[in-house]
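After this come two complexes, each holding chain A, first together with chain B and then together with chain C.
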Partner chain A sequence: MSQVFAPPPDIDRLRSRAWLAAAVGIAVSAGGFFLDRGQFFRSYLVSWLFWLGIALGCYAVALLHQLSRGAWGLMIRRALGAATRTLPLLLLLFVPIVVGLSEIYVWARPEAVAADEVIQQKSWYLNRNGFLLRAALYFLIWMGPAWLLNRMSLRQDAAADDRTFRRMQGIAAPALGLYCLAATFASVDWLMSLNPHWYSSLWGVNFIGGHAVSAFAFIIPVALFLAGRKPMDEQFQPRHFHDYGKLLLAFVMLWTYFQLSQLIIIWSGNLPEEVTFYLTRTEGGWLWVSILLAVGHFALPFVLLLSRDLKRDARKLAWVAVVLLVMRWVDLYWQAAPAFAHGEGQHGLHLHWLDLSTMVGIGGLWLAVYFGELKKRPLLPAFEPYLREAVADE
Partner chain B sequence: MSDPLGKAPIVAPGHTAGSVTDKISSIVFERTPRWWWAAFGASFLLVMMLLHSLTKLLFTGVGIWGINIPVGWGFAIINLVWWIGIGHAGTLISAILLLLRQEWRTSINRFAEAMTLFAVACAGIFPLIHVGRPWLAYWLLPYPNTMELWPQFRSPLIWDVFAISTYATVSALFWYVGLIPDLATLRDRSVQRWKKMLFGAFAMGWRGSAVHWHNYEVAYLMLAALATPLVVSVHSVISFDFAVGQLPGWHATIFPPYFVAGAIFAGFAMVLTLSIPLRRLFRLEDFITLRHIQNMAKVMLATGLIVAYGYMTEIFMAFYSGNQFEEFMILNRIAGPYRLYWWALILTNVLAPQAIWLRKVRTSPALIFLVAMFVNVGMWLERYVIVVTSLSRDFLPSSWGTYSGTYWDWSLFIGTIGLFLALIFLFIRFLPMISIFEMRTILPGAKGNPE
Partner chain C sequence: MNGVEQETVGTYGLMAEFESPTGLIAACEAAREAGYTKLDAYTPYPIEAVWEALGHHKSKVPLLVLLGGLAGASGGFLFQYWVSVVAYPMNIGGRPFNSWVAFLIPSFEMMILLAAFAAVLGMFILNGLPMPYHPVFNVERFAQASRDRYFLLIGKIDPHFDPTETRRFLEGLAPVEVAEVEE
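And then the complex of A and B:
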């Protein structure tokens, strides 16, 4: 199969829309920055984590595919790969978080640390330099293998080469392990430390499970877009979407399993330093966000994704994916935002327009870069050994 | 479909439906090999030891064990968790790998499922005898009674009653339903009349008609779907037994996923422990190929890494938490009175499996067997470390204590290993240890497979 699967020219249209969204979002957010610096940084963190979650999820799913093969992964490998090439942009977008560190994190405010014995005990881990050094290390761990694999994947466009295939598999196994390690510590640094007194050892795997949901919730609409246009319209089949649906369902259930385990253990243990996490999230408006999450991130998609017909209908599946994508933001907001109000006597739910504008700004920028990367390469690696099997009729 | 990279097939070349059936059913019909008598005899002696110890226990009480205050959970709970964990690989192989269309599961699923059943049987003994008065164990069930007795549904120990009994029921059904077509094959091949009658009765009138096969496929898939959540739920509930308490070293949110990974890790180690010698003894290398062994070894490595991740997270969180009791718990494990157990645990469960990264180890069944033996020991040590170190050193130094197992603790534990092996040996002697009809479907030429 020496056909070249050139990306459809329509991508440019999506790209220019993304640029427009980026321009509007960034302009509005910049205005917000001058009006309310603290709010800007807090909203920014959640939005950044949302888009980072998609990129990292795509990276992890690509590694998983590399290890386990399977037709489902080959069909979207280039779409996943394009997302992994956005990691440098996300590193750049990390800069505002560094700038606003003391606005976001209590432990980065010397006066707050001086008044808090628990944070002082944790200062061996929660300190500015450690935070920055670790962030650099995480990005190195993620971007290094991603860069290598992207380069090797390109080779499979040119010639049949089984050695490349094997070497990619060899890189993927340790890379996946390292990704999990880095993501675990990143989840502590970026999210858990918002509430420096609180800890839960499940936090890291929950972060990783969220990435996997984000990846499929994002890639299914992308696959739908590609499946409607040449040259991929002849390659994508209902069975591929059936597999994405199953994987999305599996990861939704995994996310729920983590959340429920954490809830049962903390609620039953009822320790004062732990249970506050759930107490603040069942008070006032937050109760409704918690319920929304249980319904939108689990019950609704779970019931819908059980249907075989729905999973094989790309358009319907994409709707479920979009709902889950929205829920990914709700989940991150639910994890992060109650901690911001901590100590200021306002535990209630306060949505801010900056939450939306930073999402649009970062998202527009990210999508513009993503579509640019997606356009750069053929959509299927022509000389991948398992390609024929992947696109075979049912 | 032949593999583009020339990977080894999952059945050695040259086999036909006839030769597969002959080979597997001959194990049941041939004269009993001499080694079987020796192996079964040895395990039977251990069963006698188990019965002796159980008798002693029932007459005397749990005081013959090493348990005390504060270490009220000793070997009984350690062994329960160990055995239940071992069972998980059988369910994973038979149910999840079936749903994931992993064809290599076919030659190992039958005895992995049998292993699950026997492991659950061994596990079930321990909570029963641990309650002290096993004849009152039915009090754990919610039933209307005049004593106004009702189980405490907020306790995970009650969830265990339901989780484990459901698990045992579904595993038994799954195993039996999968056996029916093969029982019919054995019926048809039996020469003696009584064997025909016996296999025939258990085959429940299977004739192999299209309707039979259709119903069978539907039932089997549905049972697989029912068994799948059990792989996760049973060991999660077991982990809740520890995690919902407040004891440092028990109260950790990572417990459910890390226990489930540990269960699959232990289970694959046990499947490898059994299948590597058995394929050799019965010359089944054509069916349980090196590729099977390698795949299982890789699953063992992957789940072992998750377990190692669990250990690491526990240690990190203990120091991150700033909680002095959590910190003490970890330091006590590493350098306290039970440090030997902890270091042996790290050696057997974390370091030993890393050998599988090496191709040389991965292609040698003998070395994989060795690693699997390490893991069998390691997973028992893990539960020992969790149960004993945490209970013996809790919040108040005045309530600390020490623990060690007595002769009766060990004899009961080793006795259940004997029971498990005896059941396995009986199983491979009287029933087809590899699914005959499923093996036929993965042969080249069958059901759309190219020749």
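And then the complex of A and C:
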């Protein structure tokens, strides 16, 4: 099979739309920055975590594919790989968070720390330098293997090479373990420390489970786009989408399992310093967000994804994926936003237009870079040993 | 079933024998195109393509499992609700009597239990096992079905079934032999 699977030229159209969205989103958000600096940084954090979650999820799923093999992963490997190459952009987009650190995190305000003994006890971990050093380490842990694997995958376009194939597997195993470790600590640094008094040992796996849902919710619409155009229209088959549907269902259930475990443990323990998390999230408007999350992030997609016919219908599956992508943002907002109101006497739900504009701004920029990366390489590695099996007819 | 009395009372159906799975798959597809619906195929090993060619009917087992699961989950939850709220209300650590979060795990377990029962019992009820007698074994050559031959059966209960027409149809599919299956 020496066919070259060149990406369809349509990608440029998506890319120019993404640039447009980026321009509008960034311009509006810049206005917001001058109007309400605190709100800008808080909205920015959630939006950044949303797009980072997609990129890291794609990275983790790509590693999983290297280890487990299987036609499903081979078909989307280049689409996943393109997402891992957006990590340098996400590192660049981390800069505003560093700039607004004291606007976002209570522990970064010296006067708040001085008045709070609990934060003082934790300041050996929660401090500016440690936060920056750890963030650098996380990105090193994620970007290093991603860079290596992307380079090796490119080699499979040139010639059949069994050693490359094996070495990629050798890299993927430790990389997946390190990804989980780094993501666990990152979830503590970036999200859990928003409320430095509160802690949950399930927070990290929750974060990782969310990444996996984000990855499939994003990659299914991308696969649908590619499956509708040459050259991939002849390669993608219902069974591939069936597999994506099954994996999406599995990760939706995994996310639910982690969320529910956290709730049950905290409910059973009934400790005053832990229950605050759920008390603020069942008050006023937040109760409805919690219910929306239970229905939209679990019940509805769970019931829909049980259907074999729906999973084999790429278009319908993509709709479920889009709903889950929206829910990924709701989940992150639900985790982060109630903590921002902490100590300011306003626990209620306050959506802000900056929440939307930062999503559009970062998202447009990220998608533009993503589609640019997707366009750079053939959509299938021509000399991958299992390629023929992966695209065979049912 | 269609109100017309069939003359061939002692017949269960007609069975064609094929030498290869491809012959069987082609025959299954031809039979479905000809309008036959009460088909069954016998192969020495599972062949997914045969299942597809037969126009895999949807099994009712998933529905039974769903009903079992719903009965288990709601029954399990309501039982705990009755115990903790109606029968023996107790204040445990200041939590509400209807401590639904704590009820989730036993409800979940009950859901799994009844769904599993529904799956196993439903499977046995729907497939009629154990079945000590089945007419297909009256065909002597049917023993080959567990070795190297592939069989297609068109049942008498099929609305299109006609002893002579169906036999002619099956003989047109290039089988090794067409046998009548006695009831």
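By definition in this document, the second predicted complex is superposed on the first by the 394 of 394 C-alpha atoms of A that agree within 3 Å, B and C clash if a C-alpha of one lies under 4 Å from a C-alpha of the other, contacts with A are read in each partner's own complex, and residues count from 1 in each chain.
Note that a residue touches a chain if its C-beta (ideal position, glycine included) is under 8 Å from a C-beta of that chain, and two chains touch if they have at least 3 such contacts.
This is a predicted model, so every value here is computed, not measured.
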Checklist entry - A:99 contacts which: chain B (first), chain C (second), both, neither? => result neither
Next on the checklist: Just checking: does A:268 make contact with chain B only, chain C only, both, or neither of them? Give me first, second, both or neither.
Outcome noted: both
Item to check | Touched partner set for A:30, first chain B, second chain C, both or neither | outcome: neither
Checklist entry - With the two structures laid over each other on chain A, which partner does A:20 touch: chain B (first), chain C (second), both, or neither? => result neither
Checklist entry - Among the partners chain B and chain C, which is in contact with a greater number of residues of chain A? => result B
Next on the checklist: Output check: A:291 vs chain B and chain C. Expected answer is one of first, second, both, neither. What do you get?
Outcome noted: neither
Checklist outcome for this item: Dual-contact residues of chain A (chain B, chain C) 264, 268
Checklist outcome for this item: Listed in rising order, chain C residues that touch chain A in their complex are 93-95, 99, 101-102, 104-105
Checklist entry - Can you name the residues of chain A that touch chain C in the complex? => result 260, 263-264, 267-268, 270
Checklist entry - Which of the residues in chain A end up touching chain B in this complex? => result 118, 121-122, 125, 162, 165-166, 177, 180-181, 184, 188, 199-205, 257-258, 261-262, 264-266, 268-269, 271, 273, 385-386, 388-389
Next on the checklist: Taking the touch rule as given, give the residues of chain B at its contact with chain A in the complex, in rising order.
Outcome noted: 1, 4-5, 154, 232, 236, 240, 243-246, 251-257, 305, 309, 313-314, 317, 319-323
